[in-house]
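Single-structure report; data block below.
Here the chain labels run A, B, C and D in written order, and each chain numbers its own residues starting at 1.
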Amino acid sequence: MGAKETVEVTGHLMDTGILSRILDDIRDYGGDYVLDQFEVGHEAHDPSSARITVEADDDESLQRLLMRLQTRGVNPMSLAEASTRPAERDGVLPDGFYATTNLDTRVHIDGAWHDVENPEMDCGLVVDSSTPGLRVRTVPMTDVRTGMRVVVGTAGIRVAVPSRDEVADSFATVGAELAGERPQAVLVRQVADGMRQTRADGKRLLWVVGPGVVNTGAVPALVALVRAGFVDVLFAGNGLATRDIEQALYGTSIGVEVSTQGGDHGHEHRVRALNTIRKAGSIAAAVDEGTVTSGIMHALVTGRKPFVLVGSVRDDAPLPDVHTDVVAGQRAMRAEIRDVGYCLMMAAQLHAVATANILPASVPLVCVDLDPATVTRIVDHGTSRGRGIVTDVGLFLEQLALELVAGYPRG
Amino acid sequence: MGAKETVEVTGHLMDTGILSRILDDIRDYGGDYVLDQFEVGHEAHDPSSARITVEADDDESLQRLLMRLQTRGVNPMSLAEASTRPAERDGVLPDGFYATTNLDTRVHIDGAWHDVENPEMDCGLVVDSSTPGLRVRTVPMTDVRTGMRVVVGTAGIRVAVPSRDEVADSFATVGAELAGERPQAVLVRQVADGMRQTRADGKRLLWVVGPGVVNTGAVPALVALVRAGFVDVLFAGNGLATRDIEQALYGTSIGVEVSTQGGDHGHEHRVRALNTIRKAGSIAAAVDEGTVTSGIMHALVTGRKPFVLVGSVRDDAPLPDVHTDVVAGQRAMRAEIRDVGYCLMMAAQLHAVATANILPASVPLVCVDLDPATVTRIVDHGTSRGRGIVTDVGLFLEQLALELVAGYPRG
Amino acid sequence: MGAKETVEVTGHLMDTGILSRILDDIRDYGGDYVLDQFEVGHEAHDPSSARITVEADDDESLQRLLMRLQTRGVNPMSLAEASTRPAERDGVLPDGFYATTNLDTRVHIDGAWHDVENPEMDCGLVVDSSTPGLRVRTVPMTDVRTGMRVVVGTAGIRVAVPSRDEVADSFATVGAELAGERPQAVLVRQVADGMRQTRADGKRLLWVVGPGVVNTGAVPALVALVRAGFVDVLFAGNGLATRDIEQALYGTSIGVEVSTQGGDHGHEHRVRALNTIRKAGSIAAAVDEGTVTSGIMHALVTGRKPFVLVGSVRDDAPLPDVHTDVVAGQRAMRAEIRDVGYCLMMAAQLHAVATANILPASVPLVCVDLDPATVTRIVDHGTSRGRGIVTDVGLFLEQLALELVAGYPRG
Amino acid sequence: MGAKETVEVTGHLMDTGILSRILDDIRDYGGDYVLDQFEVGHEAHDPSSARITVEADDDESLQRLLMRLQTRGVNPMSLAEASTRPAERDGVLPDGFYATTNLDTRVHIDGAWHDVENPEMDCGLVVDSSTPGLRVRTVPMTDVRTGMRVVVGTAGIRVAVPSRDEVADSFATVGAELAGERPQAVLVRQVADGMRQTRADGKRLLWVVGPGVVNTGAVPALVALVRAGFVDVLFAGNGLATRDIEQALYGTSIGVEVSTQGGDHGHEHRVRALNTIRKAGSIAAAVDEGTVTSGIMHALVTGRKPFVLVGSVRDDAPLPDVHTDVVAGQRAMRAEIRDVGYCLMMAAQLHAVATANILPASVPLVCVDLDPATVTRIVDHGTSRGRGIVTDVGLFLEQLALELVAGYPRG
């Protein structure tokens, strides 16, 4: 093997299983290692630290292995400066670009360490000295412009993995785990606590909501949560907004709905609901002119809460508010994640993955779905502090509203 | 085709789709038909009636097709008497035996019509004249004894399918359907209404409960329902009873449970819990001696509610109360279904199917499970009046207790 | 009730259950009916016909109910002409617009019947007299332009439901059904027969493919099918194309793949693969310059087979060939469905629904997926002639290639 | 904390993640620890070793924690002798009994180390000096008899965890993992290799088979494997045997089956098939008298391969060969696992768990099922060397027969 580098990592290396995952990575990337030094915590709560010399066949392989290890909080010992290279073409990163994680990241450049402003995974790192004071931020591939100064290789980059204690702030139990057959009442209370805490910290609550929320009868609960100030911003697709508005427009009583939901009746209602809002020009216009008088979208519009709707190829026709260009939609979502301190994903497959793609790892997220596969996909995604709850979204939101909204369901 | 028979059927033949299913059956069994007469209801609520001449290759095929059609409420026109043949061997029905449905059934024998006492599917019909007044009852294959007088063929048998209105008594919507993405709160209320009505009618409430009820934290809700008189008899396996007792014995707080449930800790606790009860001699003995002081089994024992536990090959060791012989277990279950007017199945796969096997079609049943496949299996099973609810059992029981038990969870 | 209309329907009304579904629809829409006449087929293969007077509260409700009934092949008796109204705004249909089905449809206009050129569901019907000879075609809401002449109401429209026999041409068994636990070898042979027949008929084979096809090791099978001429056009998302190209670029041997697929290694590979193709400018350019030398996309490019890739909000970055605007993507898909005679959907959730949205009901489609919920969603979708097969896509494609490609896997 | 003990563990502690799981266990059991010594392997393939002093509140807690740790291969340093206590009652183990793992276990007793003859989890350890030469064996709770000499506590017991290399013999990749979206062809070949190797080693191949194998059309493949000598013993329930015999008796062609499998037709066939075999007296008798002439059970009987059928409460009536007492059934299964070197579980939920309960951890097992939850349950079960493959059982067996049986499907 030709290329080697010494790296270090500190933390609860053994009781979080992180060290085994590091060694697995080295093997998976075809590398080898020598454990130079290993200071082990003698008692249960002491941190450990390791110094490892990592080898790979050549420098390119080594660089890629080192990028991989940074997702585990492993940083090179060397104090070298980061290297950069200009982007040669719009939408294309230079060869050897540093592929970001969504962890807190610092870059050593021009003699000083700089925090990356908006950690997001699978982006490039762009150094911006156009304003006074150098800034480093993530830029998605689609937004790269010719001439941008992009970090290449792993030199001069340090990544911090959230410690166990930080994570424990938001959840009684540790890390990412599936809830499956867990006591649900306890989980609802923990989520409610996390939401109250987020609000107390002055952070925003982001919801990602799928159309199942309407079908399971959870609209009143979610409307109550919007009104009580527990929804600061909402991401969804055309489906959620359309079903919600269809329910608002065709005010069918629950009884009738129950008996027809499976039928194609709603199908035709949906098409007419879409046409009605397209005619009004926007959801807000339809609310203002008195066409839409209830539902989730109505609550958001009247409560002046922002929402981002992004379409999919599955939509038969988009509402006027829907971003039909998915890259534009992602940009709109990015513009709304500042100050988000907690994220709830409710029966939202596509948009849940999309949101997990752009959120920093430091934002706790809760994914609720009846389908274990959906929940696993989010919770195993990247390095997020995700928690999965396999349960019924309708009953979950009902309980959450009872917990958080005084007087619900009467109020 | 050699053998034919004219049959008749009356009811809402078209709006319930029953006529198409009848014609499908005839085709599936390789038979043919002529629709002799068809009186169609002119308005939406009028019943229709049809007279159909059914043909098959030979008499044996015809008899089997006619048995099949009886599960749809189709009866032969002829007023012939039922034929019988004696069983020649213990545990074996005579050739050509009439295989029962679980529908209300009458048999024309010795010049009079007799109601079958205990409709159960896949049994033989035994005519019993040992007591004054002839009786006809279903007998499972395992309980056939040499010399029993068993009905063969379809002559002289009439079966009644429950009408739409009867079914509508217990549910707002019609027949067997999956709830999946339905408003859960409405469903909980409908189930609660059915339970109250059953109690008001002087009928018994049967529960079939799987071990998931313990894991989802629903023990307090179910205990409250037992104490409030909403559980008259409970069927379960070794797993439910053992996990419930394990929780009672090792009184771990919810917090600890959440963090360990996935581990093998409970595994070892379970083995010790089993040994403890085996030592006491029975669950009731363990309650009496003060070893078990809480939980579902404790509530049943102290409330003098009967339960039937039947083991499976998966059990590592059975509690002393568990029937390890499954045929004996089925007999014990049959002995407890008299006067059952409503059946709730909670996360109980194996025992739910076993109960559906022996219940008459006239008993409404509700099957709640997070896994759609389990729910479908029960709801599509036989000709039952089943309703499936795909949801979280823990949250469902919590809501049901809130609906039915005054003061819950405080009381 | 104020508004009524007499309608008629002919076919195997009872043995296909269609009549019960018609009566269910009337009830679901709050209407009522009188069955004026019912000519019943006396023998199993005779068609029946019914004349029904349908009532609704007002004319608008009646029109909507009649549109609904047309999805069942129920047509009004009256020989009135179709009414039209001009679109007043781009992207918005006029009030009372006729919402299309994907069934064969004829419109009576200007004194003659005209076939609708491209049946597609949830569209408007536009009458085009700009060219010599009047044409009627479906137009999706997004493509409506001010001044277009749009059909409103149900007068003058007749819809034909495919007969049972037509459907039986493509499948041994009838209609839409789930395969779940069915003999898979038989199903593979039936699909192969349908594909050969389609080719013999001079029609095109459309594939909709999800990324799971790469993971399950089915790339060689699908490449063989492309080369043997069994793939005429392919619809997919960014995921399938990216994973396929990633595999082509990072030519990791199967062994290594197996051990790493679950890891984030492929994650980083994917980002670099994306950047590489973006740098080349297009997939075809990357094939031409020798960067991509194997895989599904390579086979399509070298075989000059068209493909349509449409992105989603979940994509981290799109390949240059991907439509990021979903409405533009839908248009590109529509442009490729002419002459499609058979459609195969392989582990493709999002794009499978999108394709089912635009395909005429007359195109048989087969949906293969390991997840029963995905399969059900497609097979229950609209009025398509869909068939679901719940099985492993990798093994299914392997068997299909063995059946269709001489010499596979050696050739 | 009052009680402490020093333990040691050796192996690839970090790269297998075993050390983190050990420390998790200590926490979960409410204990504490000091890491006295930690010799770390400096290069990738060196083993590490650790000496840990474990503390718990009292001696009973400590003993239970130590038993738990033994499932990880952690053994006490002390060379004490094992303690024993006599069983005081049939079917009940003495207090403080050592609860076994299914790992290779040695007991230090009467001054020497003795191998446990038949490692099985959740049993007691019984010391038998009735024959010349002391023997130690596992005894399930149900088979405990008064006076048996049972090991209590953890002193004098050493457990060995299979090393990574041993496991690698049977599978290219390491340990227990789910296959889900993996290249299936590779997996089939690996399983075939494991089966050939087992046969070459003179060990037996155990199959556990569920009724889905019949439905998916895999009977011919499994029959070919029986005839070619790749099935030495088969465990199943009443369902598999009954469906297999039903298919043999009612020899319906595949076409007809496909169209009716979903119906209740098979339901009635099943009841008649059951009665036919009950009349014959046994499956072998029905084969001998020429009633059953094909299928899996026929192949086993004519090939003189043993099978164990154990019933469940779900069976409507058992075949005469079925153990209706589940404890007797478990004993019959135990009697057949000697010399088993490889175990295949095909779509068998209940009996798969039951078999995993009694197999030693040293037997590699492969669990194939379409439902990921079933596969996970087996693979996460105890400490087995299990491998899960989420795929279609029908296609899997077809491919396996092609791989192993020369001339299949022609031969």
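General remarks:
In the analysis below, a residue touches a chain if its C-beta (ideal position, glycine included) is under 8 Å from a C-beta of that chain, and two chains touch if they have at least 3 such contacts.
Owing to the predicted nature of the structure, the values given are computational and were not obtained by experimental measurement.
Using the average of C-alpha coordinates as each chain's centre, C ends up farthest from chain D. Ranking A-C and A-D by contacting C-beta pairs places A-C first.
Chain A and chain D, compared by their mean Cα positions, are separated by 41 Å. Annotation: 45 Å between the Cα-based centres of chain C and chain D.
In this assembly, the C-alpha centroid of chain A lies 32 Å from the C-alpha centroid of chain C.
The residues of chain D that reach two or more other chains are 24, 259, 373, listed in rising order.
Residues 14-17, 19-21, 23-24, 26-27, 32-36, 38, 40-44, 372-373 of chain B are the ones touching chain C in the complex. Of all residues in chain D, only 24-25, 28-29, 64, 67-68, 71, 89, 91-93, 97, 99, 121-122, 140-142, 237, 259-260, 263-265, 267-268, 271-272, 274-275, 278-279, 310-318, 324-330, 333, 350-351, 353-354, 357, 371, 373, 382 touch chain B in the complex they form. On the side of chain B, the complex with chain A involves touching residues 172-174, 177, 181-186, 212, 215-217, 254-255, 257-259, 261-262, 370, 390-392, 394-396, 398-399.
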